[in-house]
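Below, each structure is written out as structure tokens.
Note that subunit A is present in both complexes that follow, paired respectively with subunit B and with subunit C.
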Partner chain A sequence: MASLEGLRHVSIGQYLPTGSFVHRLDARLKLAACVALLAALLLARGYLVNIALLIAIIGLVTAARLPLSYLLASLKPALPFIVILTVMQLLFYGRGTGGSAVWVEWGSLVISAEGVQLVVVSLIRFIGLLLCVSLLTNTTTSSALTHGVEWWLRPLTAIGLPGHELALVLAIALRFLPILGEELEAIGQAQASRTITTGTVSRWHFMAGARRIANLIVPLFVSTLRRADELALAMQARCYQGGKGRTQLNPSNWRTADTFAALVAVAVLAVVIILRHFPIP
Partner chain B sequence: MYDSRNIRRIIVAGLLLAITLLLAFTRIGFIPVPTPAANATIVHIPAIVGGILEGSWVGMVIGLGFGFASFMQATIPAFKDPLVAILPRLFIGVSASLVFSAFYRAKKQTLYIVVGVLTVLVLAVVLILSGVFPGLLANIQSLSEASAGIAAFKWWQGLIVGGVTVALAAGLVFWLRKEDRGIVATGLAAAVGSMTNTVLVLTMATVRGYFTAGMSLIIGLAQGIPEMIISIIVTVAIVAAVRQFGRRKARL
Partner chain C sequence: MVYFPSLGSYNDRDGINVEAFISLAPCRRETVFFTMAEPFIKVENLFYSYEVPSMEPIPALVDISLRIMPGEFLAIVGHNGSGKSTLAKCISGLLTPTQGQVSVLGLNTRQPANQRQIRAAVGLVLQNPDNQFVAAVVEEEVAFGAENLGIPQDSLRRRVDQALLDTGLQQERYANPHNLSAGLKSRLAIAGILAIAPQCLILDESTALLDPLSRASLLLMLHELHRSGLAIVTITHYMDEVIDTDRVIVLDAGKLVIEGSPRQVFQQEARLREIGLDLPPVGQIARGLRTRGLDIGYPLTVEELIQAHQEHKYD
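On to the complex of A and B.
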């Protein structure tokens, strides 16, 4: 039962209002800059570029006055898993393709320079991506984020794809997340009052585990889909006509700082792509 | 232009996306199983349900959300790569939707014939590969010089694969006779959707060099099979309750 408490406090990347200049940047820009940084992280080759990117991202996190330990706290429970996977990757990577130097060889286990680089780079990349995504969600409110997404999806509307509808899907999801959390909590308590336990079982009885989860999930789906009918009726009654001619309550305004930040993000991505063609360690 | 069907699609996609995020960001979406990875996910089930109830597009949008959630939450480096975490997830709902509509619209007789033909095909391939007709096998092997995928079976391996195939086919036919067509279509859609998730994700992870092929195969078998069973049970329960298929019709 204790596991069901606190479901209503579900939030993805809790918004942390520290009022830094990163918070004041336009949501549209932050989305694009985040994507650019993610792309840069995925495209970066070699130790130097990756470390430089990581330092830049940590700099941004500090500038946004977000506590670094808070952002990395989600890693803690998974730490043993990461270590095991890293070691396995290191041992079983093999010789690699480029005929790189072999550092340790013991039977079929080979640790090559290329393998070490792969492991270190994927770790850096991993932490960088985590920080980058947290940076976006921790400095932007969900409504600003939704409007940002809708703005970026506008070109889709021009070629006939449902850009506005996709943004609406996102808005509905974010709006109903806490409500469904409460609902799930209520269902859990209702089932418990009927002596249907919803807690965890031994992992060997996973079929029983599945049935217990089904006791929670099936009523949740059924009530959610019933709610969908009501919501559809309500929207029809209010003559919902899609995205055409809709206005916003708080239209965001683009400032000089946003242009500057956009240029920096594009420059970083461009530099990383150019550096791919040079043999940098 | 803006019909109620369209509004309903948007809303179902939004609400199922919310459930996906809810399952992903609390620990409810993971069932402990006795495999090395320790948890089977049910987070992909909303994508399958969305695909079955409202079609491919809704399934794809929810799959995108699932991919994004797993990307955000990833604790293994492989899943911090959007090509591994997000791209394969788009197809869960799509494949589930296609399988469901194909099987739901078909007549039972057609389904029996399809199952029969598939079984005969698999058995024929197994027979050839297990070396009953040596000449044929040699031809196939010379066709594929690498012959990495089509390594010859030993006779007992052929027997096991053949047996499993016949058992699966018999089980399916028995199920079709006993149950409502909607239930069978839902179950198959859930199985295929779940398999899409496992196979595509591991393939991408292997292609991108995070796992070796052997690791992927072991994870796939250990993780994919319990996940598939669980997703069949849960999805059939949900869709049957919502659409009122089968025996539940009488009760409600």
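On to the complex of A and C.
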């Protein structure tokens, strides 16, 4: 159960106040910019543009005064999967389509330049994606995030969907991630101490593995429902009756810096889209 | 003894139906006791059963009648599963009685239209603060309830500051609730309720998870809030917390079995033992002395024990 260790340190969905200028930006802008950056990451072709994007994102993380190692800690639980996926992709990608250079050929296993590029770009995308979302949640309070999402969902609200409620659910769900991580860890440890899991013998045994996961998921599910129930009660006890007539302690206000940041985000996305039409490595 | 400033700035009851609060406007305990004969909360023949699918309903409260006066300090005790939390939820309108009536400030909790006002008047702090936090920053967590009431921004700011001050959380204003110590989490849960400016604070085992020091400081805070005019209902397993309250009610299997001043309640030792409750520490010592033939009476505090000891004629 070593992979359960460290789940509580998941930084994605957390908030870390450092008082940087990124923290002070408007939540609506940050949401849109995050989406723009994600789109840019997915649309970027070739090594250069992807690496440039990753560097830009790391630059933003630094500007937000968030420790990079703290954000990357979220990767740790997923690391085994990433390694396995990477190796598989590398080995079984094949020759590719464009007749690219073949670097290694050993029986049916082929490592081509195109395969390597795909793997590296996927890794960069994955890390960039994680950093982008972590950057958003770590620099935006729940309340600001809720109002930001709510603002973007206004078209939905106009046609009668519960925009505020959706936004609040999203914000709370993010904050619950580390709590759920802790819970999973605790359940895993409790079961390990009662030896519900049976050590190394059956580790690679598929059925045992499936049962082990069920052993974890069912209690987690139950406790999550209980928590959700209690949270709902606690919100009702504090007079929550939906978004109507709510006021805000820290209302957002759009400043020049936000307009500037929005322009930069749009420019980045535009440049990435244009560069798709040029043969850049 | 001024540890905490008065609750003056909570008194701007903007956004809430003012008439309902006028009667209680001067939040001073003395005034309240002489001018208000009317109870603040009335519970009449309350029954509550939890509906469980494909099973018999579980009766959690059976025929409870109770009155809570403005500015009173009431303790509710009872062993696990005796219905304490259920009673608290019924009083604050989170649960609707299966039978009987609960009214707060004359407003019946059955009426959905009254819910907002009732919950704003009776602030319920639930068990397990961990599962209650909605925000990622302490000050926004405190503001949540008041935001729901639609309090305008400047008085919202004042209320939050006051609640942080009253609970001693100013230092943690920008911290993440999840990272606070258990003691501070309990305080934060209370601050979030104080910001909605209730007239009555119900605490469901707020001291249960705390170390002795945090517990003592939380109790000090509660008594300070009480002195400033707030009615307090505390649910607890610690008998020593009960000693300096105005009134105690004991629940057993959903029934109200003993009611009275702490002194009256703790004199019914045999009855308490039947229910599975014990005396506060000093009471236990006195009981030990009595069984060994020392006629020491029924002291509850160390001071009383010393006095009883000095008055005792050892012959």
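In this text, the second predicted complex is superposed on the first by the 173 of 281 C-alpha atoms of A that agree within 3 Å, B and C clash if a C-alpha of one lies under 4 Å from a C-alpha of the other, contacts with A are read in each partner's own complex, and residues count from 1 in each chain.
One rule holds in what follows: a contact is a pair of C-beta atoms (placed from the backbone, for glycine too) under 8 Å apart; a residue touches a chain by one contact, two chains touch by 3 or more.
All values derive from a computational prediction rather than experimental measurement.
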Which of subunit B and subunit C A:Leu170 touches, first, second, both or neither: first
Residue contacts on subunit A - larger count, subunit B or subunit C: B
Partner chain in contact with A:Arg227 - subunit B first, subunit C second, else both or neither: both
First, second, both or neither for A:Pro251, with subunit B first and subunit C second: second
Which superposed partner A:Leu85 touches (first subunit B, second subunit C, both, neither): first
Contacts of A:Arg125 with subunit B and subunit C, given as first, second, both or neither: first
Touched partner set for A:Tyr240, first subunit B, second subunit C, both or neither: both
Residues of subunit A at both interfaces, subunit B in one complex, subunit C in the other: 168, 171-172, 175, 227, 231, 235-236, 240-241
Subunit C - residues contacting subunit A, complex: 89, 92, 94, 115-116, 119-120, 123-126, 128, 130-137, 139-140, 143-153, 156-157, 160, 174, 176, 178, 192-193, 196
Parts of subunit A lying in touch with subunit B, wherever the complex brings them together: 3, 7, 10-13, 38, 42, 74-75, 77-78, 81-82, 85, 88-89, 92-93, 118, 122-123, 125-126, 129-130, 133, 137, 165-166, 168-177, 180-181, 184, 200-204, 206-207, 209-211, 213-214, 216-218, 220-222, 224-225, 227-229, 231-232, 235-236, 240-242
Touch list for subunit A against partner subunit C, complex: 14-17, 141-143, 168, 171-172, 175, 178-179, 227, 230-231, 233-241, 245-251
Residue ranges of subunit B touching subunit A (in the complex, touch as defined): 1-2, 4, 6-8, 10-19, 21-23, 25-28, 31-34, 38, 40, 42, 45-46, 49, 53, 61, 65, 69, 71-77, 80-82, 209-210, 212, 215, 226, 229-230, 233-234, 237-238, 241-242
